[in-house]
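Heads up, there are several structures right after this.
Here chain A shows up in two complexes: once beside chain B, once beside chain C.
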Partner chain A sequence: MPARMPAAKDLAKIYIKRIEKTAIDLRKPVAVNWKDVFTRFPRYCHVLLIAPHHTSPDYTDYSIQGADDFFAFAGSIATVKYLRDTQATRANVEKELKEFNPRLVVHYDHGGTNAIYGESVANNPQAVIDTANSDKLRMRVASTVSCLSASGLGPDAVGKGCTSYVGYNDLHWIVTSTHMAFWNCASKVHQKLVLGYNTKNGFDSAIATYNTNIAYYSSIGDTFTAVHLQMDRDRLTLVGSQTATTCPKRFEILWPLHEMVVMKKIPDLVWPPKLLDIDQERYL
Partner chain B sequence: MHDKSDMEKESERELAIREIRQIIEKQADTPEPPRAIGGPFSLTPEQMLREVEENTEIGRKIVESFSKLRQQFHKEG
Partner chain C sequence: MDELRKKYEEMLESEARTAKEDTLKELGDYQKEAGRRVAGAAEEPRAMAGPYSFTVGEIIDQVEKDTNIGRDVINAMINLKANLAGGGE
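So, the complex of A and B:
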């Protein structure tokens, strides 16, 4: 026999009591099991990509190629809003941070201790995020390939609620003849984040890629590239949470899993990430 | 103690200068030598050599990086 059910009259009394609750009562915090929520409703990744291009010759002649390369990678996995070239103004960045509401903000351009730069309407470098509006990075993860900002803006933004900030605490170098190697290393951080790994995984993966490239360029006698890659590696800095994620964990598409995803026998997005933690080391 | 450290730095600088000269020699026939771009700097190997020789802040960091790279290969091999 089931436990005694309350009479309809009693249920009505409870119901009336509930709707009589004041608005203040209803606003009281309730315990939500977020893990449960995320298991049922996988989050989709919103990425804001900022990559201006200033008057040549400039660092941005090359950095925009790195950004395009990352866009080609991430575009098929996440929802990416790409503020490219003249679109990368402060006003646009602030607008998209509010309306598009990205979890991950990726930036390729010049940086200073307290700012990362975009482009003004007159095609000049203009700070798009600095200490005056760094609170807009609240609850977001920022990954920037630019000079210096991880030494000032990063800690400032994290202090104002940014979940994690990855960047460089001194000059970020590239070598013109081998610049794609520099983007391959630096982009590893946000590539891993888009794939559902956490900030520490992304950081470690970038360091491992730097090491591989340093060893390669040293071995072929290109010390000029190796030395600059090494300086970049030593300046890469992670501020804030090391376990933050931005996207649902995604199956690395490996045969035969790829076939099963195509046949829709298994989903290609899974949450929580612990399901696939077995491959953490394999993909570093 | 202070002198020894200064001497070490000096010898590291000399080694870095030697290595940069080797880079310049290798790239002598290249029509457009590669440049290292970082922040406001855009350095060819020759300009990098000048930074090291003049012992500027950038020059000192370049020497440090050459030294680290050398140590890494010593340890490994």
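So, the complex of A and C:
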């Protein structure tokens, strides 16, 4: 036992002083270092789109059209950085992952079990994200339209902190004459994410679109397309979180909602901001 | 027991043969129809994935040679028929 023990009264005084100090500190305005926050956490609603184009004839002759289509859709909703064609190098991707700091990474190109590819300076496929730098997907959602990567790179990235990874666990097929149907199905995952839905919603929506397209192409006798769509549908894989979101929720305009907006009963925060034909006269 | 196993294996083989023949017939029909429909078109439709690029004829060849890609196509055709028979999912 120490020689000089403080009396209980003195201990109480120290305790009260501590409480007062904490309360005073809490009253001080908190200075948030936003630069630090943006560096540490991926930025919500920021989308990095990677779509190279290698020497023709190649799968990327078509995949870049799918990427352009997605860019046209997402460009007006989210902040999209598009690394197209020769810009999609490994150095650029790593730079943008750090500086642009996207929450969602979308990729259209070739893939392997442990890598997704971009473009080298010599216009050849070059791994832009592989197991060596997959930790750069930490706290991000990745959605890729490429072969194989969901069987190796996806689980590896999720193991290193990637929130969610959507891709294909085997070859991703397209048919050249009907290739837009393949992009329409595959893009559903990231289209839903941009609209504020979660990864499971995006995945389910893609499967439903595959089913619709499979039924359509079978019904018109295009078995060749239907069979390849069927293979892709069965290979679409979601690894990691099923509830991750990347953008704020957007409400698509519905007729009863629109009426309430016109009557000023709910705020005009609906998307897309368009008028229905029936209401045109009212505003003229 | 051996007889049972033999019967089971025969049954599997027969089903695999039927599935393969069915796939070849469906793709053959498509090839004939597509040839008639797109006669004069610039290019024949191709299936592409990674380094692979096949015309319908080449896919039929893959099925006949029983390669991995050919087997994938047969499996997809079986699933396709099963899904459509059930009215889709």
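List of remarks:
FYI, the second predicted complex is superposed on the first by the 208 of 284 C-alpha atoms of A that agree within 3 Å, B and C clash if a C-alpha of one lies under 4 Å from a C-alpha of the other, contacts with A are read in each partner's own complex, and residues count from 1 in each chain.
One rule holds in what follows: a contact is a pair of C-beta atoms (placed from the backbone, for glycine too) under 8 Å apart; a residue touches a chain by one contact, two chains touch by 3 or more.
Everything numeric here is computed off the predicted structure, so don't read it as measured data.
In the superposition on chain A, no contact is made by A:244 with either chain B or chain C.
By the touch criterion defined above, A:227 lies against chain B and chain C together after alignment on the C-alpha atoms of chain A. Of the two partner chains, neither chain B nor chain C is touched by A:206. Contacts of A:173 after superposition: both chain B and chain C are touched. In the superposed model, A:59 lies in contact with both chain B and chain C.
Once chain A of one complex is fitted onto chain A of the other, the partner contacts of A:127 are absent, as it touches neither chain B nor chain C. Looking at chain A, you'll find residues 57, 59, 62, 110, 147-148, 170-178, 214, 218, 221, 223-224, 226-228, 230-231, 234 touch chain B in one structure and chain C in the other.
Residue ranges on chain B touching chain A, taken from their complex, read 19, 22-23, 26, 34-39, 41-42, 45, 58, 61-62, 65-66, 68-69, 72-73. On the chain C side of its complex with chain A, the touching residues are 26-27, 29-30, 33-34, 38, 43, 45-50, 52-53, 56, 59, 69, 72-73, 76-77, 79-80, 83-84, 88-89.
Partner chain C is touched in their complex by these residues of chain A: 57, 59, 62, 110-111, 147-148, 170-178, 207, 211, 214-215, 218, 221-224, 226-228, 230-231, 234. Residues of chain A touching chain B in their complex: 57, 59, 62, 110, 147-148, 170-178, 214, 218, 221, 223-228, 230-231, 234.
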